[in-house]
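There are two complexes below, and they share chain A, which is joined by chain B in the first and by chain C in the second.
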Partner chain A sequence: MDLTRIDKRIIYLLLLLAVAIPLLTKLELPVNVGPQTEKVFEAIEEIPAGSHIIVSFDIEASSLPEVQPVAEAMIRHTFGRDLRIVGLALFSEGTAIGYNMLSSIAQEFGKEYGEHYIYLGFRPQYVSAILGMGEDINSVFPLDYMNDDWTEYPAFAKVRNYSDISLVLSIADGSLPTYWVEYAGSRYHQKIVTGLTAVMATSYYPYTESGQLVGMVGGLKGAAEYEKLLGYVGGGQRGMLAQSSGHLLIILVVCIANIAAWRKRR
Partner chain B sequence: MLRKRIPLLICFVFGAFGLAQYYSPHPIVVSGYSTVLDWVQIIFAFTLIVGVLSVFQIHLKKISRREKLWGYSIVTLSAIIVMASAGFLGGTGRGTAFVWMFDNMQVPMQSTVFALLAFFVATAAYRGFRLRNVEAGILLAAAIVIMLGRIPIGALISDYIPAGAEWILTVPSMSAKRAVLIGIGLGSITTALRVILGIERSYLGRG
Partner chain C sequence: MEKETLMEIGTFTALVLTLLIFSFLYKENPFYRFAEYLLVGISVGYYLVIICRNTIYPLVIDKLFVQGELLVLVPTALGCLMFVRLKKKWAYLSRLPLALMIGFGAGISIPAMLQARILKQMSASMQSLLTVNGVVILIGVTSTIAYFYFSKRQEGMFGRFTQLGTYFLMVFFGATFGYTVMSRISLLIGRLEFVLRDAFGIIS
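After this line comes the complex of A and B, so read on.
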C-alpha cells in the first residue's frame, strides 16, 4: 500500500471517528489556563459590581458551535460578577444568536431584562456604529431589540457613551475586534477583550501584546480554560477530547505521509 | 464636467472633515461628526436595499433564461421571501417563526458547511505538509508544536510544548503579522489621501 497516496475518503472517515467517538464519552482532559484567558478573566474580575459592559455579538451562524462555549463562559462570568450587560450585534446574524444566548443565561442567573441587561439589536455599518457609540449610544440605538426606549430603564438611563462602559467584550469570528480596537480603543480609550474562534486568534496577538486588546479567549481551548477558572464543565471542556484526537490524527497522517515519502525516495 | 467635479468635491470636503475632526473637540465639530456618522448608517441601510434588489435581479434573470443551476436561484429567492415575510409579519423576537427558522435551519446548515472545513484541512495537511527542504521542515515543526500546544495532551507530554506554541505565536508569527499590519496601515493612509485629494478616482466609474 502506497502510504503517500491514502484515499482521502479514508482520512475523512478517520477524522469523523476521531471527533465523534470522544464526544460520546464523558472523559475529561486536564486543562491548563493560558495567559490570554487569564488576562480576560482578571479584567472582568477587576470591574466593580453594577458597572456596565458592552457584549457585542459580532458572529455568524457558521461559527456558533465553536464560539458558543466561549461566549457562554464569558457571559456567565459577567452575570456572576453582577455586571450590567448592554448587548448588541454588529453582524445581522449575530442578532438572534445574541438575544437568545443573553436571555437564556440571564434566566439561569435570575437576572431581569432592563434591570441587569438590555439588548439593543443590530446596526449595519459597524465602523460608524462603533464610532457613533463613542459620542452617544442612544443616537445609534434609539430603541432596543423590543422597540422600547431603553433609556427609560433606570439601571441603564445614565449610559451615554463609552465613558460609562467599563469594558467591551466582542464575541467574534472575524475581523470585528480589529475595528473595536481601531475605533473604540484608539479614539475613545475603551478597554476591549474578545472571545473568538481559534483560527482567528493568531491575528490578534499583535493587539494583545501591545495592550490594545486586554486579552482574548480563543476557540474551544480558551472556552475550556475559562470554564476551569469559573469551576464548571461546559462545551469547551467537553469538546477538548474531540479536538485533541482530531489534532493528533492530523499530526499522525502528516507523519505517515512524510515517512512514506522519505522511504520511497530511498 | 460637473458629474466628476461634484463627487470629487464632496469626497474632499467629507474626507478633510473626517481627518480634521479627530483633532478638534469643539462642540460644532463634534455635532457635525455625529451627524455624518448618522448619515453613513442611513446610506448603508439603503445599500442593503440595493443589494437585495440586485440579488433578485440576478437570480430572476437566471431563472427566466434557464441558465445552468437555475433551480438553486428559486431556492435562494424563496428563502429570502420566506425569511423576510416571517420577520415582517411575525416579528424577530423569541418564539417567532423567524427565530425558529434561523435556529433550526440556518444555524445547522451554516455550521455544517463550516465543519466540513476540518475534513479539507486534514487532507490538505496530509498532501501539503511534506518535508522537502529546510523551510518546509520549519513550517512542519511549527505546525506540530502549535497543534499539540492547543490541546491538553501537549501539556501532558511536556510543559515546553504549550510554552513553545505560545512563543511561536507571540514572537515569530506576531513579528510577521505586525510587519503586514504596518504595511496595510501605510497603504491605507496613502490610498485615503489619494482619494481625498482626487488622485484616485476609480470609485467614480468609467463615465
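After this line comes the complex of A and C, so read on.
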C-alpha cells in the first residue's frame, strides 16, 4: 500500500472520528493558563465596576464555532465584574451575532438593556468608524440597533468618546484588531484587548509584545484558559479533548506520510 | 407560529445545510453547490438589509427628514455619484467621490500605519542584548529583513546570514500552520457539537 497516496476521504473520516468520539465522552483535559489570556483577564479585573467598555463584534458567521466560546467567556467576565458594555459590529455579519450573544448572556446575569449594556449595531468603513468614535461616538452611531436614541439611557448618556471607555474588546476573525490598534490605540491611546481565531494569533504576537495590545485570547485553547480562570466549563474546555485528539491524528498522518515519502525516494 | 417550533425549524435547516456542505468532503456535488450559492445569496441580502436599516436610516433618513440636517445632503450626493458609473456618459463624475475616498484613506492611514506597524514595532524589537531574547530578536529581525534585500547576490557570508533568516521564517510558517490546524479543528468541533447536541441531543 502506497502511504503517500492515501485517499483523502479516509483521512477526513479518521478526523471526524478523532473529533467526534472525544465529544461523546465527558473527559476533560487539564488546562494551563497562558500569559496572554492572563493579561486580558487582569486587564478586565483592574477596571472599576460601573465603567464602560466597548465590545466590538468584528466577526463573520463562518468563524462563529471557534470565536463564540472566546466571546462568551470574555462577556461573562465583564458582566460578572459589573462593567457596562457598549456593543457594536464593524462587520455586517457580526451584527445579529453580537446582539444575540450579548442579550442572551445579559439575561443569564440579570442585566438590563440600557442600564448595563447597549448595542449600537453595524457601521461600514471601519477606519472612519473607529476614528469617528475617538471624537464623538454619538456622531458615528446616532441611534442604537433598535433605531432608538441611546443617549437617553442615563447609564450611557455621558459616554462621549474613548476618554469615557476603559477598554476596547475586539472579538475578531480577521484584521480588525490591527485597525483598532492603529487608529484607536496609536491616536487616542485606547487600551485594547482581543479575542480571536487561532489562525490569526501569530499575526498579533508582535502587537502584544510591543504593548499595543494588552493581551489576546486565541481560539478554543484561549477560551478554555479563560473559562478556567472564571471557574466554569464552557465550549472551550469541553472541546479540548477533541482538539488534542484531532491534533494527534494530524501529527500521526504527517509523520506517516513523510516516512513513506522518504522510503519511496530511497 | 410558536417560538419553539421556529427554533426547531431553524435547527433542522441548519442541520441539513451543514450536511450538504460536508458532502463536499466526499466529492463536489450539486447539493453542496446549492448550499454554497444559498450562503452567498443570503449574505448579500443580509448585508443590504443591515446597511439600509442600520446605516442609511439613522445616518441619512433620520438626520435629513426627522432632524432636518441639510448638511447630510453633501455626503449623500457624493455617495449617489458613485452609482453614475453605470452610465458611461456620466461615469467621469464618480471620480470625485473616489478621489475623496482615496485621498482621505491615504492621508489617514499612512501616518497611522507608520506609527503602529513600523515605528512602534521597531522600538519593541530593540531590547537589551544582555538577554537571550534580545539577541534572538536582533538576529531574527536583521537576518529575515536581509533575506528580502535583493540588490546584492545572496552568497558568501551574506548568503549564510540570509539563509539564517529563512530558518526564522520557517519557524513562523510552522507556528502559523499549527495555529491554522487548531483553528480548523475548532470549527469542526463547533459544527459537530451543534449536530450532536442541538440537532440530535446525543450530548448535553
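Going forward, the second predicted complex is superposed on the first by the 266 of 266 C-alpha atoms of A that agree within 3 Å, B and C clash if a C-alpha of one lies under 4 Å from a C-alpha of the other, contacts with A are read in each partner's own complex, and residues count from 1 in each chain.
Assume a contact is a pair of C-beta atoms (placed from the backbone, for glycine too) under 8 Å apart; a residue touches a chain by one contact, two chains touch by 3 or more.
What you are looking at is a predicted structure, and each value in this text was computed from that prediction instead of being measured.
Judged by the touch definition given at the top, the superposed model places A:235 against chain C, while chain B stays out of reach. In the superposition on chain A, A:64 contacts both chain B and chain C.
Once the two complexes are laid over each other on the shared chain, residue contacts for A:209 go to chain B and to chain C alike.
In the superposition on chain A, A:158 makes contact with neither chain B nor chain C. In the superposed model, A:19 makes contact with both chain B and chain C.
Using the contact criterion defined above for the overlaid structures, shared-chain residue A:185 touches chain C, although it does not reach chain B.
By the document's definition of touching, of the two partners only chain B reaches A:262; chain C does not. In the superposition on chain A, contact of A:246 is made with both chain B and chain C.
When the two structures are aligned on the shared chain, A:99 is found in touch with chain B, with no touch to chain C. In the superposition on chain A, the residues of chain A contacted by chain B and by chain C overlap at 12, 15-16, 19, 62-65, 93, 95-96, 123-124, 127, 131, 145, 187, 198, 202, 206, 209, 219, 221, 243, 246-247, 250.
Residue ranges of chain A in contact with chain B, taken from their complex: 6, 8, 11-12, 15-16, 19, 29-32, 34-35, 60-65, 93, 95-97, 99-100, 103, 123-125, 127-129, 131-132, 135-136, 139-140, 145-146, 187, 198, 202-203, 205-206, 209, 219, 221, 224, 240, 243-244, 246-251, 253-254, 257-258, 261-262.
For chain B in complex with chain A, the touching residues are 22, 30, 33-34, 37-38, 40-41, 44-45, 48, 92-94, 98-99, 102-103, 106-107, 110-111, 113-115, 118-119, 121-123, 125-127, 129-131, 140, 143-144, 147-148, 150-153, 155-156, 162, 166, 169-170, 173-174, 177-178, 181. The touching residues of chain C, when paired with chain A in their complex, are 25-26, 43, 46-47, 50-51, 53-55, 57-59, 62-63, 105, 108-109, 112-113, 115-117, 120-121, 123-124, 172, 175-176, 179-194, 196, 202-203. Every residue of chain A that touches chain C in the complex is listed here, in rising order: 9, 12, 15-16, 19-20, 23-24, 62-66, 68, 92-93, 95-96, 121-124, 127, 131, 141-143, 145, 147, 178, 181-183, 185-187, 197-202, 206, 209-212, 218-221, 235, 238-239, 242-243, 246-247, 250.
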